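The following pair of complexes shares a single chain, subunit A, combined with subunit B in the former and subunit C in the latter.
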Partner chain A sequence: MLLRYIGRRVAVSIVQLLGLVVVVFFLIRLMPADPVARLVGLNASKEAYAQASHSLGLDQPLLTQFLQYFGLDGRGGGLLEGHLGVSWVTNGSVLTEIGQTLPVTIQLLTLSFIITLLIAVPVGIAGASRPGGAFDRGVFVYGLFGGSQPEFWWGLMFIFVFFFKLGIAPAPLGLVNPMDMPSEPITGFILLDSLLRGEFDVFLDVLWHLALPTLTLVFILSGPIIKMVRQNMVRALGSDFVLYARAAGLRESTVTRYAFRIALAPALTLVGILYGVMLGGAVLVETVFSLGGIGQYAVRAVLAFDYPAIQGVVLVITSISLGIYLVLDLVYAVIDPRVARS
Partner chain B sequence: MSSADFTLIREATVPRLRRLRGHGLTIVAGLVVLAILLLAVIGPSISPFDPTVADAEPFLPPPNLSAWPGLLWAALSGAGTPVHWFGTDASGLDVFSRVISAPRTDLSIAVLANGFALLIGVPAGLLAGYFRNWGTETLMRVSDVLQSFPVFISAMILVALAGQSTVNIVAALAVLYSPIYVRLMRAEVMTQGARGMVEASRALGSSEVAIAIRHVLPNSLGPTLVQSSVTIGFAILLTAGLSFVGAGVRPPTPEWGLMISNGASGIMLGQWWPSVFPGIAISLTVFSFAALGDVLERAYRS
Partner chain C sequence: MASHSRRAARTLLIGLGSLSCLVAGATGAARAADLLLLAEDVPSGLDPDGPSIALPTTQEGMVQMLEPLIDYEPKGPNDSGFVLPDFSKPRGRLLEAWDYDPKALTWTLHLRKGVKSCAGNEFTADDLIYTYGRALSTSGAVPNAWFLLNMGSIKGFTNDVFSTDKAVADAAKKLGDGIKKIDDYTVVVQQTEVNPLYFVNMAVTISQGVFDAKEMQKHATAADPWSHDYANNVNLPSFGAYCLERWVKDSQISYRANPNYYRGKAFYDHVVVKKVPEAANRLVTLRTGQAQMVQGLNAHQYDSLKDAKGVKVEGVLGNEGLFVVMNFKTKPFDNIKLRQAIAYAIPYERIVQVGYSGQAKQWEGVIPSSYPGFVKQAQPYSTDLAKAKALLAEAGFPDGKGLDAYKDAFKLSYVSEKEATLGPVVNAISTALRALNIPVTLDPIPQTQYGDRQIVKKDLGFAVNDQEKPIGVDAGYAMKLFFVSKEAGGINNMMNYANPELDALWVKAKIEGDPAARNKELADMQNILMRDVAWLPVVEFKTQFGLSDKVNGLTWVTDNSPRFYDLKN
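For the complex of A and B:
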């Protein structure tokens, strides 16, 4: 039963992903944008234009381009073999470039989500323990507020206060001191690499540079997550089994612990969805602090009409999101077998 | 007092407190939304300077707070020269005039995008919920694929490749937000379809299309209208974010995100005013739309 459910969900995800790639491929080529003109400039001669168009393969019929991208034209080396193509701007492999930028975003997001959860869960539970109280009202308003804020502006405000006024944060110019020679990456995650090498000064320096971007994201993300934890806790505390536990004379802390287990699952779903959304949504914070993550890579690709890079970014981000949803669904199916049956 | 008494007291006081909390926040949020709507209509005509023409020194700081009462008095009595209340930005544009002219850009984009998303999503959701066959199943799968796109990056792609204009931002946001409405509408229609009135009209011999439009549609609109307030808020955030990364409206259009982006480099040098004021405007506006959406949702549910 469970295995069949897993199989079906994986199959659906793969079909969804393929559909997405096809849609993106044709959509961006049907748009009235001229990537060749963007590459060679508006004053280029007709010959130069034609040559550039030919080298990008844009003079071929749409269907031929499509088969080439998937590697179905007999020459191989397409998407089906794991190649995302070559960037039109840098001539580098899109897969390599994403491999360099994606860890930056994942590192920032993971750090931010861990800190957010450490704050949001206790605050949400505390709010729910006395619904309607002063603290709960504050929690409620903050939940609405944090989730509806322009994070890029808050990032700038934090730079103004902590870098310009107080001078305790570094300039928002990336993750490492520009004077330092970057070491050869091992995993691509700078924090992890520095620990693996035992370079604790680098580790602390990167953490210092990550402080304001993380603060910005925690400030924004904790809104919806606090709101969700509070709401689920209120609901769980009002349920029959909590009433029974109270009637049976269990201590309030024990009752809270039971209720929390029930409230956790929907909150985890929200965390999973938000993580997927933020993979693309972190672009604004990355831009403010010049972190060079996958979001900034996407901006560069889009503004340069770099089609292979655009396709690659959308494909990678969506795959990770779908992967997260899949894992969440599977965890649910294991916890609650009724899910798999429906 | 036993703990049971406490529970009783708590239950008795909670509803009243909740109503109060709802009221204060609702009034503030409502006033902010009204003010922004008003500015969208009259903002550009009451701004003291032309929001798109630079005719002052760049980076003029705003007047000191202590000087404000005197300046306000002079401005209201018609004496003295116009004041740069919020200072000027890097190109010498008046920040105050741009902040109050921007709602016309931001709000029109958000409201229109939401309107078109409703126009796409509501009929599609009605069809998908009322007539369930392979055609509408396909529609739902298309909507699923649309919904699994990363929103910000997709908006960026659509707008940049179609050409960075207001019209294209509206179109892109409408397409990206419509799946929410398809889903909401479909779910609501499916619960409505099971109700007695549908069965009754069918017995009276009404055609299926007539039942769907006359009875099911008006009864299913509630959740989509509640969602509208939230969507408009998010559309403002997205519009501002697009201009912030350079993929939205073009300068010198007065737009909050663009203004913050232009002021970003000055922040590190202590020139805070070009980006602080538009940011406060976005922050307040989107928060108010979210708060209104929350109030509407609770009113609808109870």
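For the complex of A and C:
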């Protein structure tokens, strides 16, 4: 039953992905500018323009470009063989470039979400245990405060205070000291790579450099997640089965555990959605701390009208988001088997 | 609660920091013999004919490694410490000497002996022949190197390379007798007409720098015989002061001083350029001493460094200027009186202050005032509202009446990514023109769209531009690039300005063998351009860098990229 459910969801995801790829391919070509101009710069003689246009394949009919992109023009090397094309800005493989930038963002987000959950869940439960109490009111104020300013603002403020004024944080120059010569990546996840190599100094250095960007994201993300956990806990603690459990004389910690299981599903949904959104949305934090993640890559691609890079980023981020949603659905199906049956 | 959180955060950061430093043994970003430059980006490619050649940060990477044939003698520092070139004294770099035969129209290039590349290969005529052959192949994304040789009237560098007839194009892409190797250290170059631009363009490193042919050929493939992929993605082998150490696109690039460099090894053995997108972070990191140099700040940010301890700002009024485009194909800008009225309404001094914190001056000509052959307008336009009103009336729009019909034409376009610098400027212009009832509205558009409309479509009706400069140090270069009509061989005439009088002067100046007569013709052209307000020069502004006060020797080159080789403690 569960396997059929997974199969159905994967099939739907592939169709969604294909549809999106087609739509994005044609939509970006409706943008109101010709990317060739950026390439030729001042040397825009008619001949130079024609050559640059030819080098990008933009002198071909749209349908031919489409077939080339998928690798259906007889020459191969297209999307169906796993090639995302070559960036028009760098002339490098889009797949390689995404492979360099995506781990940076995933690493940052995963670390931030783990810390956020470690803080938000107990705080949300504590707030729900005595609604309206001093702690609960404090959490409410924090939620408003943290979410009321954009993350780049908090990022800049943290840099100003912790780096510039107090001198206890590293310069916002990326994940490692730029003067150091990092080892060649294994997985691309620098924390993991340093552990695999046994380079604990690098591991600690990266953690140190990740402290402020992570703090910024935790500060922003924990507000809504605390609220979600708190509200669901309040609702669960007020439900009939909790009343019955208490009447049956169960310990408060046991009652809380039962209620938390009920409150967990909506909170996980929120985390999943936020994770998907932040894959592209962490761009401001990436920019402020010079991290060079996928969000920054996407913004540069859009500003330069770098069609292959835009298409690649959309495809990869959508795939990951669909993957996250699939996992969430599976978790739901495990928690509540009625979901799979429906 | 708040203080507790602060203590916890501080403890965590200090803990991580201390552990990290104990294990790594370093606290600062840069060590004593290193140079760390924080920039808005790093090179996206390193091929002079690659797709990113128009990006200044790409050019900055290339000029550290590519060695030019000539440059100019330094004439000493300006008041801020920037060392300026003396354009009247060209000096050999890879060339030891050169001879020009005006009758035969040939240049004999005597190559420097004993020059070695990063790979240890000796520089010979084969490297120059390879470099010219690669340019003629026009096999890259953009025919940048070919363009300057074509501009210099080198025999064989014709438009035939772009012929749709494959046989014609293929034949045209082979080096003929226009470039001849005489021996390992002598090359003769033939021109088809008198044209000083060949020599001027030799100094343009980003286009005419010389490759290490042996190293390039090692990475050639059947599909890519001129190694464009290698230069775009891996390395740029040449004879320059620095060799590539490591390059992560979109993140950082590092260089090591070339131990074989013929002018002596660079002072800074290790230079790292790190991309820091947020200008404010570049600024604060410089102030903490963890970086030695920053670029890409706006004028107000540079101004804020003036009183900071341990840092300095060096700037030069080089070749960067801001001008207003008024398209002759967009009514009512075909009306010269209206153009002049706008020229008299521009608040020049206010723009110098609000846009550039005083680090600019009114531009009183159409080419950079630092260039030889610059002609200052006899009576420069000034902010004179009475005169502007009178000219507006003469143009047929008394008190701005009738201009409402052209509201769309008065959308003042500018690059939205440059909002921090251009925002105050366009607001000052808009306010001044609205006072004359000229219906200006602001139209910020992305850089790529702006470039497309400027260069390809040429349909920017009314726009502010601060990013064009003639990189070749010659008034004729600027004329051909910006002002001569398309029919007379003009290249990037974004205003669609077409004046037969100007074109006729260009036809003469282009092949004028007598320098004095050529200067006179080019001066006449500049006067015509100012009269017609072909474009409206507003201000020349300083090219600036922020530096540690221990770093000296910054030199100005017309591509506006610093040369790390010149920097010293």
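Here is the rule we go by: the second predicted complex is superposed on the first by the 334 of 342 C-alpha atoms of A that agree within 3 Å, B and C clash if a C-alpha of one lies under 4 Å from a C-alpha of the other, contacts with A are read in each partner's own complex, and residues count from 1 in each chain.
Note that in this section a contact is a pair of C-beta atoms (placed from the backbone, for glycine too) under 8 Å apart; a residue touches a chain by one contact, two chains touch by 3 or more.
The structure displayed is predicted, hence computed values, not measured ones.
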When subunit B and subunit C are modelled together on subunit A, clash or fit: clash
Which superposed partner A:159 touches (first subunit B, second subunit C, both, neither): both
Which superposed partner A:310 touches (first subunit B, second subunit C, both, neither): first
Partner chain(s) touched by A:298 [first = subunit B, second = subunit C, both, neither]: first
Subunit B versus subunit C as contact partner of A:172, first or second or both or neither: both
Contacts of A:198 with subunit B and subunit C, given as first, second, both or neither: neither
More subunit A residues in contact [subunit B versus subunit C]: C
Contacts of A:61 with subunit B and subunit C, given as first, second, both or neither: neither
Touched partner set for A:145, first subunit B, second subunit C, both or neither: first
First, second, both or neither for A:33, with subunit B first and subunit C second: both
First, second, both or neither for A:277, with subunit B first and subunit C second: first
Clash with subunit B, by subunit C stretch, listed 2-10, 38-46 or 416-424: 416-424
Intersection of the subunit A residues that touch subunit B with those that touch subunit C: 32-33, 156, 159-160, 163-164, 171-172, 287-288, 303, 305
Subunit C residues touching subunit A - in the complex, by the definition given at the top: 1, 9-10, 12-14, 16-17, 19-20, 23-24, 26, 29-31, 34, 36, 38, 44-45, 47, 50-54, 138, 140-144, 147, 159, 161-162, 228-229, 232-233, 245-246, 248-252, 254, 270, 272, 274-278, 280-281, 284-285, 287-288, 290-291, 417, 446-449, 451-457, 468, 481, 491-492
Residue numbers on subunit B that touch subunit A, as the complex places them: 3, 10, 13-14, 17-18, 21, 25, 141, 144-145, 148-154, 156-158, 160-163, 233-234, 237, 240-241, 244-247, 257, 260, 263-264, 267-270, 272, 275-276, 279, 282-283, 286-287, 289-291, 294
Footprint of subunit B on subunit A - complex, ascending: 16, 19-20, 23, 28, 31-33, 130-133, 137, 140-141, 144-145, 147-150, 152-154, 156-157, 159-160, 163-164, 171-172, 246, 276-277, 279-281, 283-284, 287-288, 295, 298-299, 302-303, 305, 310, 313-314, 317-318, 321-322
Of all residues in subunit A, those that touch subunit C in their complex: 32-45, 47-52, 55-56, 88-92, 97, 100-101, 138, 156, 159-160, 162-164, 166-174, 177-181, 200-202, 204-205, 207-208, 211-212, 215, 287-288, 290, 292, 296-297, 300, 303-305
